Structure formats: structure tokens, C-alpha cells
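Per-chain numbering from 1; labels A, B, C and D assigned in written order.
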Amino acid sequence: MLEVRNLCKSFGNHLVLKDVSFDIRNEEFVCLLGESGSGKSTIAELLMGLNKPTQGEISWTSDKKNGMQYIYQNPDRSFNPFWTMKQSLMEPLLLKKHPKKDALEKITAMMDKAGLPLELLKKKPSQCSGGQKQRMGIIRALLCNPSLLIADEITSALDPQTEQMIIHFLKELQSSYQMSVLYITHRIQAIEDVADRVLILENGCIVESGQTKEVLQKPKHPYTKRLLDACLYFEKRKKKKVV
Amino acid sequence: MIKKVVSLYGFVFVLLILLNFFLPRLMPGGPIEYLEGLDSGPVLTEEQKQMMKEYYQLDDSLGEQFLNYIQGMLTFDFGNSFIHKQPVTELVFDHLPYTLWIVGISTVFSLALGILLGLWSGWFHHKHGDRRLMLTMMALGALPEFLVGMILLLIFSVYLGYFPMSGASTPFLNTDSWWGVMVDSIHHATLPIISLTIISVSSTYLLVRNETIQVIASPFIEFARMKGIKHNRLLYRHIFKNALLPIFTLMMIRIGALFTGAIFIEALFSYPGIGKLLKEAVLSRDYPLMHGLFFVFSALILFFNALADYLYPKLDPRVKGGTKVAKDL
Amino acid sequence: MQKIYKLPAIIIVLFLIVAFIGPAFVPYDPFSYDAAAYLEPSAEHWLGTSQLGQDIFSQLIYGTRTSLLIGISIAACSTFLVVVLGLLAGYFSLADKVINGVANILLVLPDLLLILLIVAFTGGGIEQLIIILSLLSWPAYMRIVRSVVLTLKERDFVKASQSFGGNHFYILRAHILPHLRPIVKTKFILTCKSAILTEAGLAFLGLGDPNVVSWGSMLNVAFSQPTIFLDSSWVWIVLPPVILLAVLTLSLTFLLEEKQPSKVRMKKVEIHPIQGAEKDLSVHQVNISFDKKAIVNDVSFQVKRGEIVSLIGPSGSGKTTMARAMYGLLPAGVWSGDIQYDGHSVKNQDFANRHYWKTCAFIYQDARSAFNPLLKLKEQFLEVGVTMEQAIQAVEEVSLSKDILDKFPHECSGGMLSRALIALAFINKPDFIIADEPTSALDPILKKEIVQLLVEKVRAYNVSLLFITHDLDVAYAISDRVLSIENQHVEEEKLCHA
Amino acid sequence: MKKVLYLLLAAVMVLTAACSPSSENATSTDSSGKKVVRIGWQNSGFPSPFTFDTQGPGGFLRNSFLFDTLTWKDDTGVIPWLATSWEVSSNNLEYTFTLVKDVKFHDGKPLTADDVVFSYDYFKKHSFQWNVDMTKVASVQKVSDTQVKITLAEPYAPFITEIAGKLPIIPKHIWSSVEKPLEYKDNKALIGSGPFTLKNYDSTTGNYQFAKNENYFKGKVTVDEVQYIAVENRMLSLQNNEIDGGMTFNYTEAKKVESLGYKNLKSKPTGSAVRVVFNLNHEQLKDKRLRQAIAYALDRAAIAEKITGNSEVMVGSAGVIPPDSDWYNANVKKYDYNVDQANKILDELGYTKNANGIRDGLKLSVTVNATSQEAELMKSMLAKVGIDLKIQTVDAATFSSAMAEGNFDMTITGHIGLSGDPDFLRLWFSGKAGNSLAGKGVFNNEKFQELANQQLTKLDEKERKEVINQMQDILAEELPTLVLYHRPFYYLYNAKVFDGWFNTAGGIADGIPLTDNKAAFVDYK
């Protein structure tokens, strides 16, 4: 569906992305793994068209009806603090000239699905918890029926329990909305079960990619090994201790 | 970075130079009309007026006048003042030291006082002393310049007679010692300096206080506190240094305002500074004098602005290459 | 104290009422000259008369109208300019060049000069004054609005709205404008104040509109007759406009003052020894609540010498508050119970002086924000009272080069700073260390290294570590015991020691 | 907090204590046995004949301390000064002056007929700053070492006061080599023959220190030093003992200071006028009946009383020349305050009142040069007859260019020198001399212009007065201008320091109604 070929990007003299190529197929859950500074967010920005690549191209192979949507890292900042959640959630629909009533129905239905109480709609962002906000952020993005959803470190500000909940919510939605997800994170352990494929990014280069299980179990590239080792280091030690 | 500062200020400067020439000439009436409009001036004959026109080169075309002006600007020779019949450069340099003296000293005072009190107030934020001091300072800041000066003049000169009413020195003071001259000029400058200090101290104070409160709230101060550092070191090494950076920039920019604030005070105390000269120049349409004064004012203000932009990155190790300043510009 | 904050608003409303309807009720026309000169205040002339025999009270009321009219109109025009130009400059980079250029020039030109110049030949009518001052007073705040817009433009919710297809006008109006409210309010009030003062100043210099009475023109008239100061007539001629002017501008200034939280009273703290807590770190029946909202309830636990204890819990559960309480950083008013290190209570007045960085040390959440950006690391090491040799040794022990001490924090990577922070924590060999989420901002590889380093040093120096985290994996992996905060209580998790 | 305040207070006190002794020193500079008189006035420029400041009469007066003229004035009128006597030829064109012998300039060189001739010639080339119409002088000849003959181009009755009494005699040996007198600021430019030399001039502050000329030809100079101190506020400075004398317009002020033990010398003749100038080209104001209606509508006695604070004021003479002048026409038409009369004329002119009592068809404005209480009072007074008056304040230069362009309805201006020679009437209204003061709208009254020229030729005072009387009648009837009141000056001084002040008959030189006449310091009688 989406093809990225030989993407390069530099800011001034600093080369952030070096010859990055990958593709995302229909209804696929792809995970982009890498440490901060490895260029993950730059890729997201290029995909969204917020920045122009220095070299290379991004092309859609299937006809793209609704394009893509982006979910932001920090749920606190992705909602206008002066608006109620209802206003914020209605915004994309109203901008597309949906009637108010339809829009509200659609949102109510989604909220139910996400297990969020409807009272939240009357609240301001500051009155909702981080996990609630992030789920509503996902709902807002889905209201546009995107064919690709880019989730950029959407759980890094949340604790592990909430993280799990959100990832599973996303996975569920992915199948029911028949869309692809590009999930950007540095925490491997969270996406083990949900991601179809992983791309591993080191210093602006994709050093390894493949099916999730394959990559996680038999990493080829030394960086992947190191990263996996570090991520799973404490988990393994924990398992030894907990009854 | 320097290039950027220079090009920006260069542009502003060129514009100022143009404004400086055309603005005075756009004002209705000229120097001769001014003399004629006075209640107790002479009744000029046509011959006299013609002579003055020739002498002041007012019958030259605008182009010629402009060329003269530019030439003068380049050689720092602005010609002769119409009303003072004295070279403008000489006139400006006669008066400028007076203004620099009172503005300079009061700037030092108000900075020292404002920074000390501001730090102190921010440090004791939420305590009664801070509240009271802040209310006092805000009240001071809400008073107009002329009122502050007038009140001081009334109390200390008119009623108590501690200080002279006006002037920068006792006329024809009969003393040979430099000490006597010095004491005399301090004596005359005291009220203007106190007025100017009062006028400007509150803004410095409020600025320092806010900055201090912000800095105190920042994590590294909390961490420094956790390290068990002594109060003095915390206040002066950590808080002061961080709070001072933005204040420094603002102070540089406000120096311009100080000079204009001095106009009121100089008028009030008939202090022979540059402000009084300026008022006369504007009223009497003394073009050369206006050129000279505007030039000095704009050059001073521009200089301090540019200096602030230039020094800021040097003072803040984080700003290398002036990215922050460049953005602000 | 509380009522005082309403006072400015009340005064301003009173001024507004006087300005609007006052002139209809004044006893005399402000220009009428029928009375004798310099009459003292009396029943007929409440504030006496001026040199021309004009009733000062009536002039004062009319002056209020003039001043407020000028203040409000200029503030309105100027604020409008500030918002429109600031939005344009911040949002459209092309407009920015032009607007910012003009603003720079206006900022450099001394205002008063321009005002004098322009007023001198336009004649200082009220309309001209409003136009001139509005045109001159926008640049400073325009820059503030502009910079706010510049950051807002990058905010996620604005970008989101753009991706939903919101046009520029919609985004400026719906998303950005509401954020400017506090600035607009401040700007409006301050401009109102300075406009009133400027008008008074100009009128004082004789450059006001002679067709209306204003406080400044009253003062001008008064001061042009300096001999009124030779007897008491100045009391009723000069003081009333001065007082009104001062009261109005003061009220405007104080209108912006926010209500301060009521003062926390210093309570006399009583410290009781905790049973069996002469040694180790003891937390005894601690309750913490902010604004009557309980954070933790009745928490008691101990950390023994050489033990690593983790405190876990989801975000928002009060872990960090607990950490701060344990370091004695919370004000006495918000918590009860006691926390003691080897029997020394943190409630003790001089606990900080005697024990910080000696008995106990703290590892800050985010290494980058823990270091003062303006001081070299060397200074920040030496100020805890160690020698240069000790500092060098400390950084070398965390495998850093000693060159780092000569660097500023911004010249170091996050990993280096995290290591430096650990080095700093151990430099005085404290007995207890509290680490507040030291790994949450770190990438996995670095996190592993830092945690390993921390544990290694704790074991090496036989230090007690209270490790606060939301990362269960790490907590379980390194701790001797794990405590979890949930629903305001602290429970011990069962661990099986490998 | 309190501590800080106390500290501040203490700092101020220390400073005060450190400084106050010097204030005593400052006032005791004149205790060295010298007789010093300090007068308050603003900076009047470098007092050479070409560079003194013409923004007021101060410059001319400072100059007159250093330089002498052929004739001068004191309380008795015109007196001989450098000239002992003079004769006028029968055609009124030739004046022969006999000079005092052995007059010396400050540098010791003698002042001779050559210097007089040189001065007149030089001033024909380089005009004098003050009002002197050198076109009236045709030529100057040396008759002998002590005699000079001045030939006029046309008869000029006021020659003795207006030229001979004002033009300073400058030393030929200095000025003959000066090409650009306006730029000549050497100390030599100040060498004259006058009773004082300039010991010190601070151009920055505007303070002057004049020292007495020990060898003054006219008599002994009675004070050692005269200082002019530029103070902002003369009455308060007088009270603070920073000056020994100062002038004010304000009667209330003068009375208050007088009550504090200072002497008060009221200028007499008053010699000044505050007046309304009408734009004679204005569509409505060109009708003299409207101007007369305004004159009736203005309670000029009240204006004068309110503004000067004195109830014994001189209401403006409709014929411009003040009632206390020798040239005043006592029978000139008076416009006593009469609202009915004003309303009647206005109704006749067809300016009807609307429901609110305002005459819609008549919107007038008055342009003033600074804050003007007169205008405020006019506004109130004209409102009573239904005229809506707008006040416009502009600065001096804008003001006179508005007048020059005829860009006004009415203006208010003030003048001094009205008690001097009445030739000023010709100058104001002739449209020839720089008369933007009278408005460029020349007073086109043939009869008046004819009389104005005629009076110049009448050397006989009586005959001349006859003509001047007629001129006043025309002015009063036509009202090209309306004098509101004649403003007296009050000179307040410390009599212990110097008590020799007097009023000059007709004002110093061309009618300057100030007291600092150099003759007051010279014992010549």
C-alpha cells in the first residue's frame, strides 16, 4: 500500500536518515523500533508530509482514499486545553461537514467500543487521565477512516498497564477498520504479540526487518541483539524472582 | 550571527536616517516661522528673513539639503544649530554628559536596587515581606514620571530646601577644588537621579522577582537545594546567575526608555541635559539640531540593542551560534 | 487579605460609573468660570475652585471621563492590532518579515520622541492621540503574541486540526486565539494604564486636547502656577487629580494580580522517636494530602541498611510525592506522620543542613534538568564540599572521562549526565539514596547500563537505596523488596529470592 | 522589609547631610564683599550682536549690557547716551549726532565716529537680530572725529528710538575683518563700550556673569556683578534665594511673593497685549459686524481678571494702543460687554439659534500656540451667545505657518512693546514687514494704510499723535484684531540686594516692559 524508497533526510549538515526503504501492506501492523535520536519521528514526519525528504520517494501503491492519520506521543498536548473532549472529537467530522447529530452518534459508538464512559465528553483534557486521553486520541484519528495510522511513541508517557490496554485497543480497531498501523516505539516487549512485522532503526538506517517472531527470536544484526538484550534484560531477571 | 545583527540593524539604521531627514521637514512651519510665532520675538523684515534663509541654507533644494545632510552624517558634522547658533556636534557634546551622568548613575542605582530587592522578594515569595514590597513597587511603577519628580521637588527643594530647585551646578561657583565642584554637581544631580531611579526601579524589580520565582521553581534549583547547598551560594551562584540572563537583555533594550524618561525629569529640574535640548529643537524646527539629536538617540539605542544581541550568546553557554537570538529577531 | 483582591475591580467599576453617568450630575459646567478664583472647598464647591474660578470637583468628574475614554479606546485599538498582527506574524512567515521589521523600527525609536513630534503638529486632539498611541504601542506585545503563536503552531492539537482539513483562518480563530486570552487581558489593562498616564503626561506638557478637561490638563494648569504651593491651595487643586490618577492606575495594575494561595502557617513540629527506628530509614504513619485530596494514607515501612527497595505504582499514584516527602521536601502543612533517618527526623529544622548529601542523597528524575545549565559540572560537584581529586575519582568510577568536569551540561549527552548524577549521588558516601524514576527518560540500552551501574555502586558502598519507578521489570529485577502504591496505600509485593 | 526601608532612608539622610552644607556655600558666593545681583531669566544665547537669541527680549538686553547705542531710554524717556546731542535737518532726513569724547571700548581702544559709521554700514550688510529696519537708512558719513551724519532714505519719525536707540556701536578694529558675523564667537565679539563685560557665559545652562566696566564713560557702575540665572521657576527660586529678582505675569503669584517680604515693581506702561486675530479672508469673519458681535460677546474685563488674578486690569483697547501709553486715543470706540447687543447683531446677520441655543451656521475655531486659558474662557463666553468655538492647540512654528497660510479662523497671540513707538501699528497691518503676527490677511483699509505712511513723516509729536489717533479709530471700528487685555508684568526682587530698579518710559528700546535696563546700574545723573 505504501512504499518508501531510498529515503534520506538531513538537517543542515546532520544526516538523520540514510537510505531508508520499506513498505507497508494493507491491514498490516508494522512496528518501527529504535532508540531516541535514531530517526523514528523524522520518518513519521516525512510520511505525514510535514517535511520534505532530501532524497528518495514515498509512494502509495493502492489508491489512497482517506490517507493517514497521526497519533501524537503526548496525549496532554494533542487536545486543545480550552475545548471539551466532545468539541475536540467532533472537530474532524464537523470540518468534513458531517451533520452534528451523526457525528455525535458515531463518537458515542466509538467511545462505547473503547470502554470509555460518556461523561468524559463533557470534560476538559486536564480532567481526564493520560490513558483516557490517548484512547480518545486514537478515536479522533479513526473518525477520519484512515487507511494508515501512524502511532508515534503513543505510550511512552504511560505506565506499563495502561500501555498494554492501549495497544490491545489499537490492535482490535486495526482489524475492525481494516487499516494498517505503523507503530513507533522503543519498547519491544509491548508489541511482541500484536505486531506483524518489525523494522529496526539505528542511526537513521534500517538495520533489520522481518516478521516479528523471527526478528525477536533470531536477531541477525548485532544492534538488534543488543537492543533486544537490553529490553528483555530486566524482564528475564524479574521472571526469575517473581513467584 | 554578527552578520545577521549587522544587516538587521543596518537596515533599521538606514531607515532611521531617512526618517530623521524627512520627518522634521514634514512638520508644518520652519525655523523662521517659529521665530515669527513667538509672543515676544522681533518683527522680522523680509530682508532679515531672506538673510536667515540663506544663512541656514533653507533656500537650497531638498535634494541639496539631503546631500548636505548625508555628508554631515558621514563626517559627524551636522552643521550649525539655528536657535543656538552653535555647531550641533559641539552643542550635543556639551549637553550629552549631563544626561549620561544622571541616566547612568540612576541606571546603576535602579539596577542594583531592583536586582537586590527582586532577588530578595523572589526568594521570600509568598511571605508577607515579599507581598508588601511588591505592592509598594507596583504602586511606584504606576506613578507617572512627572509626578514623581514634582513631588520630590516640592518636598526636598521647595519645603525642606535641602536641594537646589534647578540646574546642574551652582552658577559661577567660587571654588577651585575639584572636590567642591564634585560635591556641588552631586548636590544638584541628587533629585533628578533619585527621581529617575524611582521611575525605573520598579520595572527592574518586578522583572527580577518574576524571573527569580521562575528560576526557583526550576528542577535544578530544587536539586541544588537537595544537595544541601548553603543559602547564599544557592541564591547568588544558582538563582542569580540564571535569573539575570533574560534581565540583562531586557535592561539593554530599556536603556532607550530611560533616555526618554529623562526628558520629563530634565524639564522639571531644568537640568541642562539632552532632553531639554530636544524639546527646544523640535519646537523651534531646528533641523540640524534635530538631526544631531535623533542621530545620537537612535545610535545609542541601536547600539545597546545590538550589544545585547551580541553579548547574550556569550553570557549563556547554551546559546551557541546565536540560534535563540536569531529566532527572536 | 482575600477581599483586597476584589478591591481593584470594585474601584474600576466605580470609576466607570463615574465616567459614564457622573458628568450628568456634576453641579457646574467644567469650563464655567463664574465663581471666584482659588475658593477653598465649601458646600457649593466641594473641592474649591481653580485660578479661573472653575469648579474643581466638576472638572475632576469630566477628567475621569476623558481619561477612561482615552485609556479604553487606546487599549482596545492597540490590543486589536497586537492580536491581528501577532497572529499574522506568527502564523505566516511572509507577513512575519514585514510586521516584525516594522516592529523593530518602532521598538528602537523612542516612543516619547515620536509622540512629541506628532502631537506637536497634529494638535493633540483625542482622536489623533488614540490613533498615534495605538499605532505606537503594539510592537512589544505583538512579539509576545507572535512567539506564542509560533510555539502553538507547532503544538500537536494544531497539527492534528490541520490534518483534519482545518483552514488557516479556522485554526487561528478556533485553536490559537483562545490561548491568547491571558496575554490579551494583560495587554489591555497595561495599555489602558499607560495610555491614561501618557495622556496625562502630554496634557501636563501642554500638548493635550484643550476642548476637554483631563486630569493631566488640570495638573498642567496647577503647575503653571507654582505659587499655589506657597499656601494650602495646592491641597485641593493638585491632590485630587493626582490621587485619582494614582488610584486608577494602581487599580489597573493590581487588577492583574492573581489571588495568592493562603499562607501556610508554620506549625510547631513535635518529633517523637519512632519505636525501633534508631537505625535505618523509617517511614511512620505518613499521611499526605494536597488541598484536602489525600495522596497517601497511613504509610509505614522501613528500608534497612544495604537494602534495595523499590516503590512502584502507576503514574499519578503519588510515588514522586512520597519520594519528596521522604527527602523532607514537602511543607509541614500537607503531611503528618514522621520519616527518620537513623533516628533523625526530616521534620527537624536543620535536617537539610546536617544530613543532605551526607546521610542521604537524591537521584533526580531527569539528569538534564537536575544540573544548572549555566555552571560547569566541576562547580556543581565541588559545591557539595569535596575536593577536585574526589570529584575526578567519582566521575572516573562511573567510567566517565575527567574532562567532563570542565563541560557545561548542554555539552554532554543524556547518558553522560545520568552517569554524572550517579557519581554525584555517591560522592560523599551517603547511607541512604532515594532515586526518583531515574530511568524513565532513558532508552533501553542506556537504561540497562545505568541501572546496572546504580546497583553495582549500591552494593559496593553498602548503601540503602529506595528506587522509585513505574517500570515493574526493573523494580522486580533489582530489588530486595518491592513496595507498591495503590489506592493511597503501600503494600509489600511478594518476591521470591533467586 | 522594614529594615530595607530604614536603610534606604538612612542612605538618603546621609546623602542629604553630606550635601546640605554645600548649599550654604552656594548662596554665600556673594558674601565676599562684592555686590552681586542675580536675575532669573532663561538662556538667551551668546550675546554678540549677531548671535544673541531672539526667542524673547532677553538676548537683546544681554547684548545691551555690553554694547552702547547713540541714544537710550530711562524713566524720563529718551536720553543721550553715546551721542551727547543730535540735530535733524529740515527735510527730516539728516540726523547729525555729536558723540561723547574719550569713550573707550573694553579693550582700551577709543570709540570714534569711525566706529559709528562702520557699525551702521556693517549692519546694513549683516542685519541686526532685533527689530531694526536698516532700509530706512540711506547712508552714514563721518563729519568729524566726534560727529556723524546719518541720512535716511525717507522720513522715519521713530528713528531716534527705533534705530539710533537700538543699534549697537561695534568696534571697527574687530569687526572689519569678520566675514561671517553669525559664526564669529570669539571673545572679541563681545568687546563693546557698555557698562559691563561678560566674565562668564555657560552656553549649556544659560547662565551669564557680567562684571562691571570700571572705566565706564557714562558714570560709575554701581554693582560689581550682574548674573542671569536660568531657572525654571522664578518665583520659587526667588524664595529659595537662588536669585534676587524675577518677573511674573501673575498677579496672585506676585501678591503672594510680595507678602513674603519681596518688593514688587509693576511694569508701567504695561506695554503688552493679549489679542484675538481674525482671519479677514474667512468667509464669515470678513464681515466686520460679526467681529463686533464677538467683541460684545466677550467679557474682556472678566478674562483679564480671571487670568491675571487682579481686578484692576486694563481691558483691551479696541485701538490696540494700551490706555497707559502716551499715544492712546482716549475717545476710541469701546466694546463693553453686552450679550444682548451681540445676540442682536448675530440675529441680524442671519445666524439663527437652533433648539439647543446654538447657532448652527456659525462654527468657528480658535488656534492657540500653547495651552491658553483665554481660549477656554472665550469658548465659554461665546457659548452664551450660541457660538460653538473649537480650540486647537499647535506649537509655535505650526502656529505661525498656519497664520502665514491664512489657515485659521481666529488665533490668540500676545505681544510686548506696545508702549513704545506706535509705528508698530504700521508694521503689523501693512503687509510689508514680517507680519505673520497680524495674519497674512493684510488689513486692506486704504485710509489706514495712508495714515500709517503719513505718521512716519510727522516729526512733530502733536501732529503725529493726531494721525495715530485716527489710525486707532479705524482699528476700533474695523476690528482686524481684538485686544482682550493688556497684561502687566510684575518684577519681584529682594530690595536688600539691589533697589535701583525703575520702569523705563515707554519700555526699554522698542518698548520692552522689563526692568533690567542697564541704566539702572549706572550712576549718570
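Everything that follows uses one rule, which is that a contact is a pair of C-beta atoms (placed from the backbone, for glycine too) under 8 Å apart; a residue touches a chain by one contact, two chains touch by 3 or more.
These figures come from a predicted structure and were not determined experimentally.
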{"item": "C-D against A-C, pair bridged by the larger set of C-beta contacts", "value": "A-C"}
{"item": "Separation of chain A from chain B, taking each centre as the mean of its C-alpha atoms, in whole Å", "value": "56"}
{"item": "Inter-chain centre distance, chain C versus chain D - centres from mean C-alpha coordinates, in Å", "value": "62"}
{"item": "Chain A and chain D, separation of their C-alpha mean positions in angstrom", "value": "89"}
{"item": "Approximate Å spacing (C-alpha centroids) for the pair chain A, chain C", "value": "35"}
{"item": "Of all residues in chain B, the ones touching two or more other chains", "value": "27-29, 128, 158, 267, 282-283"}
{"item": "Of all residues in chain A, the ones touching two or more other chains", "value": "none"}
{"item": "Residue list for chain C, restricted to those that touch at least two other chains", "value": "120-121, 229"}
{"item": "Chains grouped in pairs wherever the two touch, ordered by label", "value": "A-C, B-C, B-D, C-D"}
{"item": "Chain C-touching residues of chain B, taken from the complex the two chains share", "value": "8, 11-12, 15-16, 19, 23, 27-29, 126-128, 131, 135, 138-139, 141-147, 150, 154, 158, 218-229, 233, 237-238, 241-242, 245, 253, 256-257, 259-261, 263-264, 267, 278-279, 282-283, 294, 297-298, 301-302, 305, 316-318, 328-329"}
{"item": "Residues of chain C touching chain D in the complex", "value": "29, 31-33, 37-38, 51-53, 120-121, 123-125, 206-211, 217, 220-221, 224-227, 229-231"}
{"item": "Of all residues in chain C, those that touch chain A in their complex", "value": "155-157, 159-161, 163-166, 170, 175, 178-179, 314-316, 443-448, 451, 470-474, 476-478, 494-498"}
{"item": "Parts of chain D lying in touch with chain C, wherever the complex brings them together", "value": "233, 235-236, 239, 250, 252-253, 256-257, 260, 302, 306-307, 309, 368, 370-373, 375-377, 379-380, 390-395, 398"}
{"item": "Touch list for chain A against partner chain C, complex", "value": "35-36, 48, 50, 69-70, 72, 74, 77-80, 82, 88, 91-92, 95-96, 129-130, 140, 144, 157-162, 186-189, 226-227, 229-231, 233-235, 237-238, 240-243"}
